[in-house]
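Dropping a structure here in structure tokens format, bear with me for questions.
A, B, C, D, E and F label the chains in the order they appear, each numbered from 1.
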């Protein structure tokens, strides 16, 4: 039985930088400081981490956090095997031993007992206390802790405690500027530049309309999905309806308003 | 001991299309994109998935979600056997390995830790992290993730998070148009066209009356059940009372109003 | 060790029909449709099911639902035996295998994860997915699923979801008409027709008084209990006080009002 | 290892009847009907049950219910012994097998899953379904189910469901009349008749004062405790303060008012 | 492995009586009645119990209750040893067997299932039902049950039920009178009489000020701690600041007001 | 397998005293009194404890508390090994045996059952009851219990109970005075005195602005992180943005206001 596969990315994953985020990531890595990435759904947080892990030549271990995720899920647990309890490292412990980058996506969702393992890792001690086995691990040199969250729907009950937050260098991401976003959509979907341009125009128009009213607006990811459906043979209008409009809302009124924008920008696709 | 039986449907299940839903399903499958089906109870969501699974020649694995359903129920778990822990794949893991279509019905009901396994499966990684065994599975080529929910009684506490929702192509279904619904009722129950027509007229009348007041209105499924009771020998009026009116309400006043419509449309059956 | 005893009733349990409920039950059984019985406490729901099970020659398996009842309680579970985990069928699984009638009394009380096993059993698939063993059982021919609930104290938190409810043919029961109720009281308690008549008159008077104010009113069961106490030698007045009045209320004022009715109808017993 | 000791009471426990309660208890036992005893704290419910169990010559098994008490606590459970799971009867199962009286004190406190085992025992089936072992036990002839609760602090969340309550013959108890109460205090504590009379006068005075304001008022049990402290050598005034006043309230104002009554009735003890 | 060490106190722990509390304790012990001690934090409840246990020559077993403390924690549990389950007595069971004094500190914090074991122990039965092993223990002669709570922060959710409370003789304690408190502070810390007098004056002044505003006010324990810090070499002013003021409040305003009193009473220490 | 590594610090960790805190710590240690340290995030609580542990020559065991931390996590638990349960000391038990300093960081977060083990350790008994093994440990001479919390976000639900709090000598810390803080920043990051002075000026300005509005303001730790990023090659302005501004807020308006201060103090870095 083999535990938690870290991914050593062979080729550099495509990432179109929005600004100085790659340099900041690199300086945090050099200074052995942990990093907090803030930004809306689908703006590229995960891709940035994959890109930088490859650039820095570190293995990457990703954990999508949720509200049942406990410290034991990160650190490891005993399983009974052959009548005996045997220890299995969790993803965080493995990253600490191997000097990997450990990326905890949407960390505010996790249970609060994760702070007990993150705190000594996130300050200058860089230590992981494996309570159940009594080990006190010093993080291997390349180890870096990266966490992310989405300030758009962070709520009072689930915010990071200041004592956790103040241990991390922070980096804010947003949806990319139009030129960058066109390049991303074309590169990720294989669509033409013209289609990419149409989709980014649509995103611009819809974002103006929806920023106030919806929990989330059109992400770059939705544009890529529409482009891929279109490449598979579906006309652009129904592709945008399925990948963008119907993904954004269930409300008949909102949906009608978004369709109007869709038809104005795309025509009859 | 054998785990989770996927159904390889031998004959194409009957499905009367309402519009372009079959084409959209097919394009999503071709583009390797996951699909979200929205629609009211009994409008044919499950039947559409069964029909398309057969048409695409993929095994189908269906899971009805509920609020105790956890990631482990989907991914698998260790059981003790012969004094040793042995791993058993859950339905999602099996679908990933076999390239099946995995259909999570009413996904918003499931516990939030399911997002951790759905996210990397639902974006371009198409990976399933089996945390407990440390495996990182690449979905087999034919694999497709389909989820559904009913916007009619989705509540604030149980909505899909935008970060989950924006990973899916969306498809909205509703009750079928009268001609389509008549064909469905006749085909599913074996009743005459005349009875099917009466029942669909009744549905039209009741839906006008109940759309505002009841949590749900008359579904196509209820019409089929009334038709089957009638075919088994029960007069049409008591069949509709038992299968439709008494299924829709416990309130004496509402019930009386619905009975009035019933008698107006069906007569004394 | 032997699991869950289904009762094969040797003689036909006494049941005095209120209307067409026996025919509807039979038609639902013939049409392989599941049945939902609605009605107040003590009106005869359980007795109807026992009667019909005997008439249809099917074994009967009854489960009184409560809010800790989970899907595993219905489907079965592994127990450790001789160092090994062995599977034991739950009552629902057994009914599915044997073609029995499975009666889930007060089903709204059960935990929500029961829906996952009821749904595929309650529609035209008639299948039970035994998740833990991976079996997908086709219900044996005589199998029928019957559920009941009491609309009088069904609350918002605990209603059946429409997607569950619309899978069942519905049947409403109430307290029986006076002549029927007299016959039942006499037959069940062995009391004289005169005593039965007095008790049913009392029930009529008390029901007029209490329908608005009490959570539940006098059931046929309470009349039978009073008649049995009387047959055991207790005067009718204290028998009615113990079996009926003190069972209905703890409030001094309400109790006084009910006693007044009691004395008016029964005299000094 | 030996399970649950039923008490076969050798001598008849002292019980001073308030009215017809012993006859009603006996008739319910003869008629094989279960009994519900209602009454305030310390009015003699437990003593009545002990007395009647001895009079009827039945073993008595008492369970004080609380909000973690589950059906398994009543019915029994498997324990691992010598590497194997072995079954141990719970108190209810044992009472059913042995024909004992099973007394569930303050039954409304128990978890709701207890209803599943009480219902078939409390109606004319008199059956106990031992789900985990699959046994369906018919109660032995002398078996009787007795439950109690205190209407004074029964709350909405914890009331008996009508479908449970309507299965029981009901019996209301209260604090005894003065002459009866004097006899009880003297008999239970060994104090003189004069002291018993003083204590009962005190109880009368305090009950007039406290009925509205306190959750509970002076019970017969508190009088007996004061009398016993006095017999052990403590003056009557401090004995009443410790056993009665300080047991009834923590509020300085209420305490002062009760002390005034105490001094008026007892003098300086 | 050895379970729960009862303490047989060799020398009589120091206790300065406030009033008749020692006599009441002794009479309750003689009368075999359980005792409830009420009083604020740090007023000497635990010390009184230790003192009386030594005086009465009984072993003492103390349990600090908290909201995860269950009946099993008090009574005992099975542990797996050598592949077999073996029983280990809990502190209450041990006290019952050995005739010790069992002191449950802050009993209202414990889980409600503790009442099931306390009730038969606290009335004239003096029995402990060890449900899991089926034993019914008669308390050894010297056994006494003592519980305590603090009326100052007893809340509605966590009060003792009247049916529990009315089983106990009650005893109220408060902070001692000045002369007594001076003697205690000097005896416990080894400080001079002058320092003890200064500290008790300070307590008097602070208690006048804080009774309304703070959850708790200065306890005798805090005075002893200040005196001990002073004896270890710290000046009296910072000793009082650390042991008293900073322990009572985090509010800047309240803290300033308390400091003013401190400087007025102690000077510059 | 080896349990819980206490750290015996070889060299004295750097700590710049704010006032008399080191003396108070030492006196509490001498007097065998437990210590409560209050203060905001990142003001040096942990560092003070490490420094004093080294100075007093005691091993240090640190536990970051969280709301799933239970008494068993502190005291120890049984694990199954080779088919047998074996006991493993938790961090608190080990500290008690070895005479270490046990530091419970943010103790108010822990579950309430921890009080049961802390109370007898925190008063003059200095005893740890290891309930599961029945041991009653006397703390070794050097043992000291230190707890901390942050009054800034202590809430009503999670405050220390007075009965816990009044067992500890209290010590309040705050952010250091400018000269001290400059020395700390330079020493911890290796930056120049000029940069340290700039950063402390920035902290002063931001603290004036944010004290009212933010849950927490700029800690010394954030200044050190900015200085380290700057030393790694990042300009001072982006270093302060990443380490300070983006760590303090997600609000666009607040962020703009903080940036203005940043530019005013640092220039274009």
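By definition in this document, a residue touches a chain if its C-beta (ideal position, glycine included) is under 8 Å from a C-beta of that chain, and two chains touch if they have at least 3 such contacts.
Chain by chain, the UniProt names read as follows: A, B, C, D, E, F = CbbQ/NirQ/NorQ/GpvN family protein.
Note that the structure is predicted; figures quoted are calculated from it, not measured.
Asks: Among the chains here, which has the CA centroid at the largest distance from chain C's centroid?
Replies: Between chain C and the rest, the longest centre separation is with F.
Asks: In terms of residue numbering, is the interface formed by chain D and chain E classified as same (over half shared) or different (under half shared)?
Replies: Different; most numbers are used by only one of chain D and chain E.
Asks: Which angle of rotation, from 0 to 180°, maps the CA atoms of chain A onto the equivalent atoms of chain E, to the nearest 5?
Replies: 120
Asks: How many angstrom lie between the centres of chain E and chain F, each centre taken as the mean Cα position?
Replies: 30
Asks: Please compute the C-alpha centroid of chain B, do the same for chain F, then give the distance between them in whole Å.
Replies: 52
Asks: Can you pull out the residues of chain B that are in contact with at least two other chains?
Replies: 80, 83, in rising order.
Asks: So how do the chains connect up here, line, ring, star, complete, or something else (other)?
Replies: ring
Asks: Starting at chain D, then chain E, how do the chains run round the ring?
Replies: D, E, F, A, B, C
Asks: If you look only at chain D, which of its residues touch chain C in the complex?
Replies: Per the touch definition, chain D meets chain C at residues 20, 23-24, 27-28, 30-31, 33, 36, 38, 70-71, 78, 80, 83-85, 111-116, 119-120, 123-124, 129, 131, 133-136, 151, 154, 161-163, 165-172.
Asks: Which residues of chain E touch chain F in their complex?
Replies: Touching chain F: residues 1-5, 7, 41-42, 62-69, 73, 79-83, 88, 91, 105-106, 109, 150, 153, 188, 215-216, 219, 221-222, 225, 228-229, 231-234, 238-239, 242-243, 246-247, 250 of chain E.
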